[in-house]
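Two complexes come next, and they have one chain in common, chain A, joined by chain B in the first and chain C in the second.
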Partner chain A sequence: MQRLLKSADVTGWLLAAPLVLVLAVFLILPVVMIAVVSFWQATEFSIVPAFSFENYEFLFGSAVTYDVFWNTFRYALITWALTLGVGFTVAYFLAFHVRTLTWQIALALICTVPFWTSNVIRMISWIPFLGRNGIANSTLLSMGVIDQPLEWLLFSDFSVILAFVHINTIFMVIPILNTMMRIDRSLIEAARDAGASGAQILWNVIIPLTKPGIMIGTIFVLTLVMGDFVTVRFMSGSQSANVGRLISNDVGLLQYPSASATAVVLLVTVLMVVGLLLRLVDIRKEL
Partner chain B sequence: MEPRPRSFYVLATFFGLYVLFLYGPTITIGILSFQGPGGGLTFPMQGVSLNWFHELFETQAVGDIWGSFRRSFALGLMVMVTTIVVSVMGGLAFRKRFRGSAVLFYLVITALVIPSILISLGVGLVFTQAGVPIHWATSGFGAQLTWTLPFGLLVMFAVFNRFNPAYEEAARDQGASAWQVVRHVVLPIIAPSLMGVALFGFTLSYDEFARMLLTSGSYNTLPLEIYGMTTNVTTPVIFALGTLTTAFSFVVIAAFLVSVWVMNRRRARHGSDAGKAV
Partner chain C sequence: MRGGHDLELVHVTKRYAGGAVAVADVSHLFRAGSYVCLLGPSGCGKSSTLRMIAGHEAITEGSILLSGKDVSALPPAQRGTAMMFQSYALFPHLSVAENVAFSLKMKGVDKAARMRRAGEMLELVDMTALAARLPAQLSGGQQQRVALARALITDPQVLLLDEPLSALDPFLRIRMRAELKRLQRELGISFIHVTHGQDEALALADEIVVMNSARIEQAGSARDVFNAPQTEFVARFMGGHNVLALPQGRFAIRADAVRLAAQGAEAVVTSVEFQGAHVALTARAAGDQDILALIPEEQFFADPKSPGDAVRLAWDEGRLHRLSA
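After this line comes the complex of A and B, so read on.
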């Protein structure tokens, strides 16, 4: 008994037991349930256990599915490129141009605080900005840049991407900053002594060393955007769709089996993307 | 100090614009929530008043806001405490490799990357099929943990990656038991980071929308209530609510940050507490 308790395996599992319990009941079981229900059939009011490929046949047979998946990838890629550009620049400024640790922490906190506030409210906040009579339109009108209000500012792909970038850039900033802070400054000095220009240092020293942070940020941004349904619903004014909305629409109509089938395909897609990215970075080492 | 290069000013401007982009909308609705009684959802301001805040407090026409706030607050505390305890235990577990730890790690990563609608849908289905009523404090609570626990664990991984095991070894050499080492050495050292875990636990829960959609049952939490309002409320009262909630979030964040700061200060002042442990 004593020996048993001392074994690393037993203590490990005992300590991890609450975690395992939560994940088993609220992650594994629900995913299994979704997989099972995706083979069920639905009547108007209830769902009926069955083993039918009907939901998948319908899903893969419909042109809408491919459009919606393509749209989801498009949102994810555009948002990824923008958050990476903005996030890298912000992190680079904080890591290499802000000179004291206190200021670095303070400025990083300023970037992080909105992450701890409500996303729904941050989306609502764009309305007075982008609306037909919003700040953006009235400013552009008074400057004479346009003669009539731009209609595509709100409830469009533009506003969806804007909200995605607004909410998710922090997921790029923090991991990239974290990796940049650990770059040995003498490497940069060495590069400079060897005659490298600023651009060369950035391209040949800093970016390669920052790759793990970029990868972690990429995982966050891609999965959050691919799995989203609230931002698209809200910011597109129900005019665009992504996979998440497809699922939530089916849920709204109580079509749980078909929602589950779509959910299974979405999950497989997301896990494939993450699996691919995880081959390029060892997350645990990089924290 | 060497003079700042020109790139500093370019980047500083970029950073400033980013912060403006980050806070601009929030500040805008902050201003618009003081819109006069005749004003609408956009500028110009038709006077300045507290009208919309009054309306929030007075009528119940806008739904059960205060009930949903109480539920969100209670749930936030529940999730916070659970996240701290489970993350610390999990963090301790992962310090040593044990059989199956890699699988468990990938499970945690899965919880982090899984689309939130899957958790919402799956947990909802499990509860209804098992005949257990859906309630924010049971199904909703669990659904939120799948999001807060990975964050808590990531913080713990970061903490223990930097943890100097010499302190524990010293304590063990002095004859401390395993529990004493945790209680008197490890926990005091990681305490400020636990405030970080607590902050994640509370705020992520308090603001969670997607995971609660199908798991909260007949009583709404605050984000669900606000989301419902967006479809049927067309007055600045929704901005007033948004401003109040954001202000509350700021107070919570500030409270956490200040307590971390105080903790670090006190530790710096007191220095070592060697020999004071039992």
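After this line comes the complex of A and C, so read on.
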């Protein structure tokens, strides 16, 4: 027994065991369960353990699935592009224009203020702002910019994406800021010494060196948006759908096997996207 | 030698926003084609001076002239200077060749031409074989060669080196300094080299500029500065000197000019250090003055002393050198 404990192999396994146990029970087991249930059958009032491809056949046979998946991708891509634009700019400002560390920390903390309330409340607070008689419309009307209320401000793709950007930009800011802070400032000087203009420094030095941070932020935002269902439901006024809502509807109707099948397809899709991203940029040096 | 590319600092002052003065009214002429070392302890203003010449720091007052033209307001790349950074500042995402070709890329030189030119520069520093590597795959000495090639590709009239050898191990440091000297002689341009190591400055410099608390303390050829320090600071900083307070004033005397003798100042040995060719003997003389004597090893061991022994120290009056401050 003594000798067994001394062996490096055994110690290693023992040290890893708690984490393995936690992951096994709370991650692997549920995923396996979902995968198993996705092959079961269901009627209006019962769930029957089986091994049938019925759920998948229905899923892939329906045009709605493709529409909803396309919609999910669309939300994810647009949100990604906007959060990247805003996040990169904010991080760039914090990292290169704010001079003292104290201010950098203070301003980065201000970026997290939206997180002090719940997701749902943050979304709902847009409604009085964007609604037909909301602040935005009444301001524009009184300024004479428009002569009737804009209908597309709320319960539209616009409001969905607005909320996504609002909620997720921080996940872009933090990893990008983190990589930018690690860029050796003498590299910027060396580039300037070599005659690079501001734009050239940005393109040839800062962006390439920030890629790992951009990639981590991208993974955060894409996975969060693709797995979301609350935002789409609230902000589209239940008029738009994404895969998350498909699953939540099935769950609401107690159609667990069908929900599981959709979840499995979504999981595989997201994993493929992440896998592709990881092939593009090596983020290991960041972790 | 190209001639005419003298670099001149005219009453240059650097004051920071908080009021701290990094460089106070410094004027100096750096002759074209010479190897100059800016020498001083950390915080003396030597790096700020270099960075102002490079254009990475704005000057508060005064001007900097290169070849007779005021360059103080020009951006770094248009001054005719190039800088080699302390940590080399190689772009980690670019290969060695791309690093060297960076400034040409910024100028819009097409790829074939800039790679050819980068190849030539790499040949100059003997790094052709590693052109495709990334900086992280190079040793410290190799990184330095790449940084040199990158700075030289812009054909500068003045190369500015910010403590270029401090990141290297002692053995490599001696090899690289020979290399720097060779390059400077071959290219015939001015090198301005910031260092806090007096041995480095003595080995390399045609001219040494000693700085202390934001001012130039003394400038001159390496031999002059070492043999005839004008101030107590220079004498102490260059090392190998004793500063003696005699009734006639303060004097410097080289430690190797002090010898043990039958007649002379009474002193008590406080430490003995064997240094190979010499033995460094420190003795305390009247008035609590510590005097260092470098005694040839053979001579010392003919009549060895240990701490606590009473000795007499003597020197030729002619070797005493009066200090102005």
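Criterion: the second predicted complex is superposed on the first by the 265 of 287 C-alpha atoms of A that agree within 3 Å, B and C clash if a C-alpha of one lies under 4 Å from a C-alpha of the other, contacts with A are read in each partner's own complex, and residues count from 1 in each chain.
The working rule: a residue touches a chain if its C-beta (ideal position, glycine included) is under 8 Å from a C-beta of that chain, and two chains touch if they have at least 3 such contacts.
As the structure is a computational prediction, the values presented were derived from the model and not from experiment.
On the superposed chain A, the two partners chain B and chain C both fit, without a clash. Once the two structures are overlaid, the count of chain A residues touched is higher for B than for its counterpart among chain B and chain C. Within the superposed three-chain model, A:259 lies in touch with chain B and out of touch with chain C [touch as defined at top]. Residue contacts after overlaying the shared chain place A:73 against neither chain B nor chain C. Chain B and chain C, viewed from the C-alpha centre of chain A in the overlaid structures, lie at an angle of 80 degrees when rounded to the nearest 10. By the touch criterion defined above, A:25 reaches chain B but does not reach chain C. In the superposition on chain A, contact of A:205 is made with chain C only, not with chain B.
When the shared chain is aligned, chain C comes close enough to touch A:194, but chain B does not.
Look at A:186: by the touch rule set out above, it reaches chain C but stays clear of chain B.
Taking every C-alpha of chain B against every C-alpha of chain C after the fit on chain A, the minimum distance is 5 Å.
Common to the chain B and chain C interfaces on chain A is no residue.
On the chain A side of its complex with chain C, the touching residues are 184, 186-187, 189-197, 200, 204-205, 208-209. Across the interface of their complex, chain A is touched by residues 54-56, 75-78, 82-83, 85-87, 89-93, 102-103, 105-107, 150-151, 154 of chain C. Within the complex, the chain A residues that touch chain B are 8-9, 11-20, 22-23, 25-31, 33-34, 37, 86, 89-90, 92-94, 97, 99, 107, 109-111, 113-114, 116-122, 124-129, 131, 133-135, 138, 166, 169, 198, 219, 223, 226-230, 234, 244, 247-248, 251, 256, 259-260, 263, 266-267, 270-271, 274, 278, 283-284, 287.
Listing the residues of chain B that touch chain A in their complex gives 1, 4, 7-8, 11-12, 14-15, 18-19, 21-26, 28-29, 32, 41-43, 85-86, 89-90, 92-94, 96-101, 104-105, 107-119, 121-123, 125-126, 129, 142-143, 145-146, 149, 153-154, 157-158, 161, 199, 203-204, 206-207, 209-210, 213-214, 223, 226-227, 230, 238-239, 242, 245-246, 249-250, 252-253, 257.
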